[in-house]
């Protein structure tokens, strides 16, 4: 690593490094700036205007009107809350679940281990569109397999549950699908982290009479901290990728609206708000701030550890 | 001591049973898609689920293949033979995913190396931008992106989906993690030997970050294959559809015909799963190595 | 490792081929933009986006029509097929990306009340001479015309939306006595009795007030309006009138009935599946296209997947004479600023809506023609040899007011299913209706 502090580098060196650095960055920056950063700034700018589908140019500057309107918009508040719930519920459960699965499989022999790893990765690979086709049927109010098993198989319920139609369950159902498509990578990561734990420390602790649980929390867990943080980051990213599920399963109904869906809905659905791009962009800005705070928090945690 | 070992044995058996149940649950959707694709209408619409087709049929695939048609390829004035739409969708999807993968790997490997090993002005700012943008869902920039693609005359082409995928900075972040593992002395030695930047990158950096590139490649490929949202917004004509978009459009058209949907979903899922299974080993290697640095 | 390299090489080779293939895809729009410079050289090409209106959603049928059209006029039509679930989004994003099609096929609620009102469509008044105006069904033409006389849709077919019952199930439950299968009508009292009988027999939901989205909502609207004679909008289409006491009464009746469920997991299309599956014994989202459809399992027209008989019915009302929701479909032209394309699109409309070829367009749609004659061709006998269509014609006199062009229509549809969801969840009916009706009314002028 080029650890030498900046001050000792000569000016010429800095310039050379900067030039060559940017040469290497250039191809990536073209795409990053062109298709992420510029749109992001346009988004921020548009959120302060009344630009809509009809406006060819930039629209009129309206200040913070879109944001104050959003504050009054009950649907948006619900969507924001649901987005929050999805993150808060799915991130820890994905982490805990994948940790448990990994600790249960990492000592298995190679073939079995890799079989399990693959199986838990399958839903990620299958893709949300293909997966929703099945899940829609599994959740079906009349002929779905969940109701079939719970009612005719186990006799736990006596009336079919309308999984996707009932606001009590619908968001949970979406989170469950999201969950199955999120655990694949964390499991792979935890398996290898567990395998890399310093065995001499573990053995020393066992000699001292520590229980398995103690060994886990005192020795293994701290060593896996970097992995856990990385998993937190990717799982958070993943929990914002539930658009397809909502678009294909509930269209934002039954209390499953999210900001991601509501932006699309406002922009393109045939409603009175349709094509109010300024308004939709304002939601985008709020969502970006929300995510920015979340990432900042996670990286702060990462720095501290 | 005996008690604990009994207990831990019981726990191990218990956890194995739970694992097997979970494995069944996780494979079930795929199982259902694949068997469903070969079921007759009567089986699919039966009021109690039929776990195994009572009669195997190709009828769903026949319907799927006759539903839409498109030329196999279009290169300028050269237009390929007319094939079922789904075949064209598969061709499009493979092209899109592979292009996104290649461009991402190339640009991210270079950028990751620069971020990890070069000390240049604006590095910290750039890195924080990258970290912040990583979690950003595409919906946030949807509208500006749509208008930008329209202005660039890229709307309704696969490039409108590919470019934002390449722009997503996760790859850069990942490659930076890998490049940080390259010892500075090696690079220094190369410089002393008079190797230019390009040669250093090609002969020293690239081989050392190869596992990372492998992981990023598969990762991007899968992501791009399944990136339904951008495809939905950016692609309008049937001939430019990807397989996910084609299937979801069919779902929207006829939620009525589950058999057709199952066969489509099977066709969308099976190729990517095969790719994954082939490269699985490199993939697990790659993502684990990238995470160590977290 | 060697194997790995071989696989990699193979993938690379594949990529190269694909790259070539898709570069073509990318270049494709280019010829379009260059053609105006050399107008004599190539044939005109226009795009048509169509919603699944009967067989206008089926490629083989449409291809045949387009081939004929191209042979006759030299105009090539590139057709894209939209779905109801995301078709609107597609059109809207296309408009935003300056990629709207030249022609679009749908009903006035979208073409006139939405895209027309927003100024994206071309006025087609010049296509209508006095003969056309007398030939075309007056109600249909009115629906396609805005208040200031602009025609944004040239109508071609129409139908009445109705409901359907599972005849075998009704018979088994002893409920067949409550329906008049000869005239396809029934009274509200008989509807209630029939549902009671069905529920007593099957002990499960037999009819669903579906409200997962706006798909097929004409069914729930017609059901609720007809039960006690309520209306959806005022007669002059200036306000939504969902809180009519009649509508409230109907909602209360439905909410309180065993066997009827407000189901927020179904849209119209899903309801039809459940009906075809034999689970629901009646479908509120129905019309002649479904009646003719041999269904996904291929058991034949007028049959469920389980092989039971389907009868179409008008919605129950106190007198038995209900007001059915109409469906009108036709073509509109997006104003993309290219006079030549607009001209070609008008040729298309003239060809399929007002010429000897109109019969083909109507047949493809599986609905009834909006006019009896087109340029001297008699259209009244198109369906003479089709017994199901002839029978369905009995419902056409019940066609009610075409209120789907009321201002704020898109918002009204959204509010409607949201309202039904809330009511289904147990919200107080009168106040919920008031809230959502106010939302729809607020959208009328803006």
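The chains carry the letters A, B and C, assigned in the order they are written, with residues numbered from 1 in each.
Here is the rule we use: a contact is a pair of C-beta atoms (placed from the backbone, for glycine too) under 8 Å apart; a residue touches a chain by one contact, two chains touch by 3 or more.
What you see is a predicted model, and the numbers here were worked out from it, not measured in a lab.
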- Message: As a test of understanding: of all chains, whose mean C-alpha position lies farthest from that of subunit A?
- Response: C
- Message: Per the definition of touch at the top, where is the C-beta contact count highest among chain pairs?
- Response: A-B
- Task: Starting from the mean Cα coordinates of subunit A and subunit C, work out the distance between those two points in Å.
- Result: 37
- Cα-centroid distance, subunit A relative to subunit B, in whole angstrom: 15
- Where subunit A touches two or more other chains at once, by residue number: 142-143, 247, 264, 267-268, 277
- subunit B: positions in contact with at least two other chains: 45, 47, 143, 147, 232-233, 248, 251, 258
- Which subunit C residues touch at least two other chains? 85-86, 89, 93, 96, 277, 279
- Task: Using the touch definition up top, name the residues of subunit B that touch subunit A in the complex.
- Result: 4, 8, 15-16, 18-19, 22-23, 26-30, 32-33, 36, 45-49, 103, 106-108, 110-111, 113-115, 117-123, 126, 129-137, 139-145, 147-148, 163-164, 166-170, 172, 180, 183-184, 187, 197, 201, 222, 225-226, 228-229, 232-233, 244-245, 247-248, 251, 258, 261-262, 264-266, 268-269, 272-273, 276-277, 280-281, 284, 287-288, 291-294
- Message: Quick check on the complex: what are the subunit C residues that touch subunit B?
- Response: 4, 7, 11, 14-15, 18-29, 31, 52, 57, 59-60, 78, 80-81, 83-87, 89-90, 93-94, 96-99, 267, 269-270, 272-273, 276-279, 295-299, 305
- Note on the structure: Listed in rising order, the residues of subunit C that touch subunit A in the complex are 85-86, 88-89, 92-93, 95-96, 110, 114, 118-119, 205, 211-213, 261, 263-266, 274, 277, 279-280, 408, 410-411, 413-414, 417-418, 421, 424-425, 443, 446
- Message: Quick check: in the complex, which residue numbers of subunit A touch subunit B?
- Response: 1-3, 6, 9, 14, 17-25, 27-29, 31-40, 42-43, 46, 101, 104-105, 114, 116-135, 137-138, 142-143, 145, 148, 152, 180, 185, 188-189, 191-193, 196, 211-212, 226-227, 229-231, 233, 236-237, 240-241, 243-244, 247-248, 259-261, 263-264, 267-268, 277, 280-281, 284-285, 287-288, 291-292, 294-295, 299, 302
- Can you check the complex and tell me which residues of subunit A touch subunit C? 53-54, 139-143, 162-167, 170, 247, 250-251, 253-254, 264, 267-272, 274-275, 277
